[in-house]
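In the two assemblies presented below, subunit A is common to both, partnered first by subunit B and then by subunit C.
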Partner chain A sequence: MPSVTFEHVRKRFGDSTVVEDFDLVVADGELLVLVGGSGSGKSTILRMVAGLEEVTSGTIRIDQRDVTALPPRERDVAMVFQDYGLYPHMTVRENLSLGLRLRKIPRQEIDRRVTWAAGMLGLASLLDRKPKQLSGGQRQRVAMGRAMVREPKVFLFDEPLSNLDAGLRAQMRIEIGGLQRRLKTTTIYVTHDQVEAMTLGDRIVVLADGRIQQIGRPIDLYRAPVNRFVAGFIGTPPMNFVEGTLRENNGQAVFITEGLSIGVPREKTLTANPTQSLTLGIRPEDLRVESSAAQSVDDGSSAGVLRGRVVLVERLGGTSHVHFDVAGGGSRMMASVSNDRLPIVGETIVVRVPPERVHLFGADGRAIGRTAEIV
Partner chain B sequence: MRAEQKSGSLMAGPYAAFLLVFAVYPIAFALVLVFLQWDLVTVPTFAGANNIRLLLHDGRFWRAVANTFVFLSIHVPLQIVTALALALALNRQLAGRSFWRAAFFLPVVISGAVVAILWSHLYATDVGLINRLLVKIGLSPVPWLTDPRTAMPAIAVMVTWKNVGFYVIIYLAGLQYIPRSCQEAIEIEGASAWQRFRYLTLPSLLPQTILVVTLSTINGFQLFIEPYVMTGGGPLRRTYSVVLYLYNNAFAYQKMGYAATIGVALALIIGIVVFAQRRLIGRAEAL
Partner chain C sequence: MKQLRRIALYAGLTIAAITFIYPFLWMASATFKPAAEAGSLALIPHDITLDNYRTMWARAPFGRALVNSTFVATTITLAVLVFGSMTAYAMARLNFRGRPALNAATIAVLMVPGQLTLIPLYTLIVQLGWIDTYAALIVPYLFNATAILMLRQFFLQIPQSLIDSARMDGMSEPRILFTIFWPLSKPVLSIVAIFTFMGAWNEVLWPLLVVREQNLMTLPQLLTVFALGGGAGTVGVSLASAMVLVVPVVIAYMFLQRNFIESMAGSGIKG
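For the complex of A and B:
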């Protein structure tokens, strides 16, 4: 089965370590997304699979075979590049078929595969054009077709949609996902765009500073981020963070910060050290903007309710983003709300923070109360 | 708008004047001279089409044209191959890359006469370095510049050596223009080093190759210093170039009208050859 296995893979450039102890198995037929900011090491990992970068230590296996020291052409992988990497002097047909011609595949078989890929990608009428006569989306398709006709063990995508405009990016994202599900080819997909990661990945690996932060299904990363980095990185709009402390109050754990105190379910504070300084995270879509300020608010110690003064309302169409300053605090937060009753700038609003939706992070950034679920 | 025009004219002025005096005027003068007979001393007289008629039946002129083609047929291919090979080598990560690049460029800026004298010594039959090396490995010495069969090839090799640095720079620029992703893509697709060169590098360098062919052809037609210094056009007129013949007509035989006619004819031949080359290469590209 063509799976890809990383065993303690490290990569150093001079004195700096770019990838640290990368250990992972990509299952046969899986679409695994590597996501992270620039310098996270995601592209380097992909290039090590392709053989374009040497591995400093560790082993990479494709289909159980150790490929760590093999040149790119002996690895049976195909790669789609950010700038497509099409051969400018060749027609679409030549671009698609070159890899097969180099491998001395019979001409009939080449024609069959090129016709098949061109049909699947809607390139049939463009086969005699050169890359510069194509639009960005069409070039992207040719690059994908070039990978498909090879029928490789593994597809490698290196930020393939970064050069496209937003609309085309969304469309190509859907096409890539659909194509991968039909072909069932093991795929490693690198992106800095967490929306691409969420929508495409069977599993996502979040990377920062060359280290794996979390591996999991998209929904698991969204619901249960293991640290503050993952919490802030996955999900749009990004999670709100508020600094505060945890107190014991009548047997209940209460998170306290200026302008807000909220009772936190027991299981979320299992590993927390009382009076330790913490960060509370809450997603904008989990906040409930209840009403205007006229309504009286129960100021009980664990009510999970705060007041805020609206500073900005961004209307996105279906929903709106309400930015507000927490009264008595100073921290700025954002709530994602439907358009039914939008507050106006300057208005004081009451916002309810559902305790079960709260994430707590320790001073080291790790999620509290979740150690059992971590990879 | 008027002010802009004024400053534009002012800035273009000096070069326009230069062009007028050193290019437009000489060309016009040469075209007039074609129809004159003039020895630089006495008053020129009208000669009608005599110079042209003479040229068409002048065996020495056509011999010089043929010699120049022999030179080009060796020089141009050799120039492409050596410049490309050196550019490929210098494009790699090798120790002292800047030194090597400078070293290969140096002959370009050395005076042609100096290079010619230097190579006369290298090519010398009895004491030349090349022949001494040949003798050392057990071969008999070759009279490079005095044998009619080897004189022009020897000059072509030397001119190629002198100019290679210039063309290396053109190829290096072209090599750096090939996107890294293309090079990596073809590597992943299974190409060997030779296949990468054959299917990616060489076709990507077509514009540079056209430039090298065109420039080295134009330069080659103007071959003068080397035969003038090294062979005087011999042996058996085998290194007599068109420009050397032109020079001798003008300043040795003082036939200015005829020399101008040779010059105009040379310009026409260069134009026709370069045009034909471009057509041929263009057709090859379309294939």
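For the complex of A and C:
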């Protein structure tokens, strides 16, 4: 049964459209992540579900009930805010219980839920403190507790981790994921951080300029981005892009750019016209760096090999990022390599581009050969 | 050398402090002096007497005026706080058509000097038949543009997520204002309260215009009529009536002083 349904939802602020024709069904118990840059409309969508922002046109349903015109309190949703939104003049206990008291829930039931949430989140000893006396992570937990005690149909998270430092963020990310799996409450989670999106989401919706770019499981977005935006957005470090053209060569499609020519599998070029100008995308972790240029390389090889001069090596510990300029061309690329054989700056390296890992995008940014999956 | 400079500094400050406090102390002490001694500059009277207060109380209804003033000033202060914060909340945090115009209009009101509206306002009160009523003293002061703007400025700094949380928790807008915004706005509310109260308490001109009935007169009004009208007779009696006027304001200030200082120290409301 669908839990939250969007039907042609649009939102305009004055003359500018922030959300355009948003159609989506969130399944019961699912953790759906809305991800995008600033101005993509992701927070606005969340606030429309919450009832904090009016819908310009379209319908939002929660459990099949049309809630489009209902005020927040009648929607049975709870929200966790980026800066927590805790009442500074109230204790943790009061913060947790206020929403229940306003709903005239019996005293004993309130106590039961507060105790339950505080226990689950490790807040039991902090109930009589004020928010000011808590650390960032503790405030974050109180904000989550306040949503939990409401026992709502839907949880809404609006960039809940962006005020925390990196270590705490990773820890809270795991906690949120674990909590959601235990409670099995339908959750819509907004973030600009694609790592959060990849690790938390059952499904991810990638947004740009108020439009859905792609919906899918994290791994699908990673493996088969439908356009250049999604390809560049999902995955760290980001995908390399090289401009070039496609040619026919002895019955095989060959992508040609300065310093590289690479035969591309048939199924990836189905929708491309020969001689069309294209963008090739390849993830840093898919590039194979083969050290010295001493090895003889067959330049015309369809295996796709290029030479590059190393300009920077970033050592991250487990892996390192090798930045290099493609020989014979202006483009700079990056390869992610394991540490056992690191080139040095200035060295000329040979980089193998596996044809099956290559993504091709047309001039309009759409992935070529994947039209069927484009949303 | 350092020591010397310090002494000089403190001497200077002490003199400055005395020049501020001496007239007030002298006034206070003069009210307890018999008529013969009233002109002396000494702070401690030779013969302490309450005659000045007795005379004052006997000659004009100062008790009644005290009640009138308290009632009028308190009502105005409460109204300015309640209506002012409601208006400020709407102007700061709600979206509605005409909000920028309302903001501009509120600021424009500040630029109109009170003397300019005095006569039209008086005519209006006459037409309403409100001469010699509390309404004439209170109604024109129920809203105050300065208070609205001060509150609005403060309300703008309260994080949006608090309002959002409160709405999600099921609060109505008035409830958000009075149970979330008010507790967080104590410093600015106290400042507005004390300025409004003092302004209302000290107002003389307007009551003189709209109230002629002695039993409805406010304290400063009665005092003016009494002292200027020659009713006081002696300096001591005049000053005694001035004391009655000043003491409540000083007490009110002392009560609110803590919040006053707090607000100047700045309040971290980040939650």
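Rule of thumb we're sticking to: the second predicted complex is superposed on the first by the 370 of 375 C-alpha atoms of A that agree within 3 Å, B and C clash if a C-alpha of one lies under 4 Å from a C-alpha of the other, contacts with A are read in each partner's own complex, and residues count from 1 in each chain.
Rule of thumb we're sticking to: contacts are C-beta pairs under 8 Å (C-beta built on N, C-alpha and C of every residue); 3 or more make two chains touch, one makes a residue touch a chain.
If you're wondering where the values come from, they're calculated on a predicted model, not measured in any experiment.
Enquirer: Give one word, clash or fit, describing how subunit B and subunit C relate on subunit A after superposing.
Expert: Result for subunit B and subunit C: clash.
Enquirer: Classify the contacts of A:R112 with the two partner chains as first (subunit B alone), second (subunit C alone), both, or neither.
Expert: Neither subunit B nor subunit C is touched by A:R112.
Enquirer: Tell me which partner A:L98 touches in the superposition: subunit B (first), subunit C (second), both or neither.
Expert: A:L98 sits against subunit B and subunit C alike.
Enquirer: What is the contact status of A:R12 with respect to subunit B (first) and subunit C (second): first, second, both, or neither?
Expert: So A:R12 meets neither subunit B nor subunit C here.
Enquirer: Figure out whether A:R181 sits in contact with subunit B (first) or subunit C (second), or with both, or with neither.
Expert: Neither subunit B nor subunit C is touched by A:R181.
Enquirer: If you stack the two complexes on chain A, which partner ends up touching A:R73: first (subunit B), second (subunit C), both, or neither?
Expert: It touches subunit B and subunit C both.
Enquirer: Can A:A50 be said to touch subunit B (first), subunit C (second), both, or neither?
Expert: It touches subunit B and subunit C both.
Enquirer: So in the superposed three-chain picture, is A:R315 touching just subunit B, just subunit C, both, or none of them (first/second/both/neither)?
Expert: Touch partners of A:R315: none, neither subunit B nor subunit C.
Enquirer: For A:Y84, select first, second, both or neither according to whether it touches subunit B, subunit C, the two together, or no partner.
Expert: both
Enquirer: On subunit A, which stretch or stretches are contacted by subunit B in one complex as well as by subunit C in the other?
Expert: Common to the two interfaces on subunit A: residues 50-52, 71-73, 77-79, 81-89, 98-99, 102-103, 146.
Enquirer: Note which residues of subunit C are touching subunit A in the complex, please.
Expert: Residues 159, 161-162, 164-171, 180, 183-184, 268-271 of subunit C touch subunit A in their complex.
Enquirer: For the complex, which residues does subunit A have touching subunit B?
Expert: For subunit A paired with subunit B, touching residues are 50-52, 71-73, 75, 77-79, 81-90, 98-99, 102-103, 146, 150.
Enquirer: Under the touch definition given earlier, write down the residues of subunit B that touch subunit A in their complex.
Expert: Residues of subunit B touching subunit A: 179, 181-182, 184-192, 195, 199-200, 203-204, 206.
Enquirer: For the complex, give me every residue of subunit A touching subunit C.
Expert: Those in contact with subunit C are residues 47, 50-52, 71-73, 77-79, 81-89, 98-99, 102-103, 131-132, 139, 146.
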